[in-house]
Amino acid sequence: MTSMEIWKIFEPDNYYKSFLEQNKRPDGRGLVDTRPITIKVGTVNTAEGSATVRIGHTAVMCGVKAELAKPALRKPNEGFIVPNVELYPCCSPKFKAGPPGEKAMEASQFIKNVIISSKMLNLEELCIKSNKLAWCLYCDVVCLNYDGNLLDAALVSFMAALQNVKLPEVTYDEETERIHVGLDRSIPVILKAKPVSTTFTLWSEEIQLIDPTAEDEDQGSGEVTVVLLEDGKMCTINKSGGQLITHETLDLFVRHGKEQIKKINDCIERALIEQMDAS
Amino acid sequence: MSQHLCEIGYLSRSDGSSLYCIGGTVVLASVNGPGDVKASNRHYNRTQLDVCYSPSTGQSMIGERALESVISKTIEQAIIVHLHPRTAINVTLQEMQSDGLALSTSINAACLALLDAGVQMKSTFSAVTCCIASSGAIILEPTEAEIKESSAVVTFVFDGLEYNVLSAYQDGSLDSDTFNLCLIKCQLAAKDITAIFRKTIEDKHKFDKS
Amino acid sequence: MRETPLSTCERAAVLAAISRGVRLDNRGFLEVRDINLSFGKEYGSCTVTLGETRVLAQVTCEVVEPRPSRPNEGKLSISVRLSPMAAPHFESGRGNELMDELQMILDRNIKESRCLDLEALCIMAEESVWQLRVDVTVLNHAGNLGDACNLAAVAALRHFHRPDVSVEEDGRVTIHTFEESEPIATYMKKVPVCLTYAFFIIDENIHMLMDPSEKEERVMSGKLVVGLNPHGEITSLIFPGRVLLSKKDIMNCIKSAFKKAKFSAEMIQNLVDEDIVKRKSSVKVDGFAKNLISDTVYASHMVKKTIDKGQNFKFQVPRESDEENGSLNDEMDEDINDEESGDDNSDAKPNKSDILWRIQSIRQASTKDDDATHSMETDGESEEEEKKPKLTAQDLI
Amino acid sequence: MDIISPEGLRQDGRTATCLRTISCRLGLYDRPNGSAYIEMGNTKVLAAVYGPREVRSLSKQQLDDCVIQCQVSRIAACQGERVRRPMDPRTRAMSLQIAGVFQGAIRKSKYPGSQIDIYVQVLQADGGVMSACINASTLALIHAGVELVDYVVSCTASMYKQTAIIDVTNQETMNGCELTISLLPNKELIVSLDTSHTIHQEQFEPVMELAMTGCQQVYESMQSEVESYLRDKHAIMSHR
Amino acid sequence: MDSDITESLYIVLPGDQVLRFNPEENRDRIFIGPGLRWQDNVVRATKPGMLKKNGKNLYFVDTHQKRYIPQKREFVIGIVLKKKGDNYVIDIGGSEYATISYLSFENASKKTRKEMKPGDLIYGQLLVANKDMEPELVCIDVYNRAVGMGTLPGDGIMFTIPLHIARMVVDPQNPFLLMMGKQINYTVVVGFNGRVWIKARTQREKVAIMNAFTMLELMPLEEAVDSIPMFFSGFSVHLREDM
């Protein structure tokens, strides 16, 4: 074992600090550099839509299953979308088996918030026959390997998968109440907005790290996630506890976030096109 | 800013308790500890903090669990956790009556209950919610109805010293200028809330001869 | 967090006091602590305070499919929750013996007694019915949760109004908001009441107390929980052993219980109706924000009462008799203080005054009731009646 | 359909005041300190007693007192519809009550700082489950040689129209109350009392009366069983 | 200024700056008591309550709280839980159980060891109390004398009061106990952990005294003292002739 590794084990804090003093991180990145991101869509054929996303070592997969359901009594002409994030022990020893832990809950709720507040899709379009039949999209995000920055990865995979979704033609017969499902999956889901999230780890008053690894998250105190729409409007911001931040830092985050928007969305575009060509 | 009412020393069995009302939202908070803790979540160097939030109707769903985690992370920052190792502090929040401001009311109630229990803290903290009406106007501490109408809802938690942001929680989209405007408005409101805390504590100590 | 152990000293003190006819909170043996109800902004949410015991009950409703076995009946579900808020040693989300017991009491008293007309909750037979869900949350555990929970649940159910619905021909159910059409009240045939009697065995003779406090509950040897309604029906009767009683004792308990039940049922009805009338008339309801009283306020109210009692405490008690006929004195003191007790509302907090006043009114009614039960005790002589000496000269004063 | 036929007979041909046939046995197993089995009509219950032994959980331990625990569980097929959870809140509550009963009946002063566990297994439930459990536990305790103040016997009764009926079956309690009483037959003292569903004040006393007489009959049959058991035991002993 | 006078300054909340203090510049030394902490030359409050200062420049915050946190040298009333080796395990209301050796009683030895049953009450002093160790009690002072410490008789009555009331009442000049003494003969033991033990002639008197303590939480000291006679007669307690 090299002296470096020993040092890391015995004095993780100092080890880490020594890097930050050179404005570097243990993985060689600067403080405001993001990790390379790769996206593949249509990875799961059984799902109506799916995508796999790698940000550095963090790997996340999202599969969208569409099912027919009866609309809720109070909203007779709306469909459903149910995001759910799963963190199994296989992706990191941090997580235990059994019911979803706090972090998984938080992530699921985060995606739900983004859906609602960005108004990305109009649920009425998911309705086939008012009060009788509607689509229910189950979006299950599974973390394959956890190395920090779950929220960003989850959101990207979710967005990619959703844009990959193709629904079959469905007709509903009034009299006979029979449901006919078309064979070929053709209809895409129309998205009104494409929110992009950017996560920062707060290490101290001055130092914040974009796109944190698991190590960064452990060393830092609390994350801030800023979600922006294409036009740079703020969609949601998620900061719970952690280091105090001033109003200026927030602005800084937003500026960094804006840079990310195009980059990520283009990435997704490209992935979608590739998949088109493949099929 | 809608009317704030609060009262402490509410429950005889709890170490600290408070009832906090903002407008129509009423939350009852109870704090116990620092007390003993199960070996499973005992930490050698710090206090274990358990927060339990239950909504006014029925059992808590995933949404409430998310609120819970926001609240607990906020409190964990404010209290000095390393003073009483191998102990636990329980914070239990019960929403008695809901009118849209569950989060901010709960956080303020929790802070007041912690003060009542005399738990050692770095500073007080206070939460303010505001929403952007469809007209674009910023409404501080809106009602449920107003929130339904609004395009975005933001909740900030500030510390009691420099009023820096301790937590922020946003639903709905708005551009960053409006966001900053909200931040500033809420900061002012937060100062008033801290004043309310002070007033309440002074009232509690009114019998100490000075 | 663990429960603070009960020292032998405390245990002995409680027993010694009772054997002398004194209770640690200076109550009469058959005296119930002050009851106070307050209602929330929405229909069907209500907190009950029984002394320092505090319970919150909230009713919610939704449209569901009926049970195939009972196609034209609505559903009613009751669930009790004990959080660390009630007392530090309860764990949230973890059931315990006390919770099971409370659950049983409520189920029997409210569900199985069928005090609610479930047919009325049916919207369309075999299609859709209302499901009422009562969440009972204990906020502060200061003894006698059974009675408090029952009280809260019943009051909340009685107070609850469900939205109006209309059914289209295609079987679609639309729920109207309260603005669109008047909400519908839940119809409760008979108001079930729950009363707890605690028994203490002190050297071979049994003492009977009503409404035990938390400490008394930890010390008591056994208890009898009677669920009943003013229509002379026993909805449930739970006497889980630990103490041996003769048939006579039990019949006495039940007799006295019925006397109290009438009053207590009426009290619930009046308070609920009073509040509903207020809602109907006034535009705005202030809900919990205004009308909850904290334990601190309650405590100061009790202290004031004692002091006032002291001020108009006419006669000196001879030292000897002071000991035995303690319990008798209590009853008398009650009457004395209740005559003047109206006046401590003036120095109570303004916005609470009406509640304090309400407490007073209840207290007066209840103490009258106490006497009633007592006269009853004298003919059907029960254990604690036997150990009471015959009336002394003081009673003539 | 009628619970009582015009001839005044019930479904199973009993009169209103007639018990179902009771048969009981002591000492089925040797692993527990005491065990017993009782059949009251179609209600069949098995009880086993462990103790007096050391207190298992220190939290419960009181120096000068005896911890008595009871656990009732039902086998899945004991009723008409299958029982999903063998330990629902209702059975837990029942366990508590039974524990309470023997808190009163066992001479606790004889077993300071020790623990007695009663495990009851309901094999078949057809009314009067609780009383069957209590009776079985009593026999098991006697078999275990635990000192009791007296037998604890239990019986149920109900009200149909204006006639009180004893030892009710399941379908007889469908639309009536079920009153379970347990008492010390020689002392005429009531140890536990438990009613479910509504019963009217006037009707309460006669029903309780009937149940108490029922208890006496139960007592006799249990008594005789215990005597015969002891007789055989003695015979075996004297042989050696 | 006279050293044993403590003056109450004002109410502070956690985070409030009490004073700046830089050991380099300020020559005069100050002492920081409970509820305060010194961080980069600023003394800040960590607890809400009345900021107090005595002549020896000792600053501290007087908080109202119910939960006891063991402090060295404080006198507490504990409940004996069980015997563990040569020690007894005692509940003093803190987060951890305290222990006391059977030798740390007046003239106790290996032969004549102190025997206590679970549930007994004990009045002792904290010998060890810090956040990293479990507290230890003793019932003797440095000269091995039990100065009023030891087990408490079982025929008294024990109850709990908020900690600040306990602190207030132990002050020998405090008029409240004195006033009650004028009315009734009684024995009182007050522990800093908010537990009070009282012994009086009759049950009724015990109960009356117990309830009288609640007055201190609810009204100014003077008022409470004045209303004691009323309060007692409210409990129909027979008062002494000499008043």
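Per-chain residue numbering starts at 1, and chain names A, B, C, D and E are given in the order in which the chains are listed.
Just so it is clear, a residue touches a chain if its C-beta (ideal position, glycine included) is under 8 Å from a C-beta of that chain, and two chains touch if they have at least 3 such contacts.
Chain by chain, the UniProt names read as follows: A = Ribosomal RNA-processing protein 43; B = Exosome component 5; C = Exosome complex component RRP45; D = Putative exosome complex component RRP41; E = Ribosomal RNA-processing protein 40.
Everything numeric in this text was worked out from a predicted model, so none of it was measured.
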Contact-graph separation of chain A and chain D, given in steps at minimum: 2
Fewest touching-chain hops separating chain B from chain E: 1
Label of the chain whose CA centroid is most distant from the centroid of chain E: A
Identity of the chain that, by mean CA position, is farthest from chain D: A
Selected interface, A-C versus A-B, where C-beta contact pairs are more numerous: A-B
Geometric centre distance via CA averages, chain C-chain A, whole Å: 51
Separation of chain C from chain D, taking each centre as the mean of its C-alpha atoms, in whole Å: 32
Gap in Å, rounded to a whole number, between the CA centres of chain E and chain C: 36
Touching two or more other chains - residue numbers and ranges from chain C: 296, 299
Where chain B touches two or more other chains, by residue: 15, 32-33, 35-37, 159
Chain E contact footprint on chain C (complex, rising order): 4-13, 16-17, 20, 22-26, 296, 299-300, 303, 305-311, 313, 316-319, 322-323, 326, 329, 333
Chain A-touching residues of chain C, taken from the complex the two chains share: 63, 172-173, 175
Residues on chain D engaged by chain C in the complex (per definition of touch): 89-90, 92-93, 96-97, 99-105, 149, 179, 182, 184, 187-202, 204-205, 208, 212
Residues of chain E touching chain C in the complex: 79, 81, 91, 93, 117, 119-121, 152, 154-159, 197, 202-204, 206-208, 210-211, 214-215, 217-219, 227, 229-236, 238
Chain E-facing residues of chain B, complex: 15-16, 32-37, 80, 83-87, 115-124, 159-161, 194, 197-198, 201-202, 204-205, 207-210
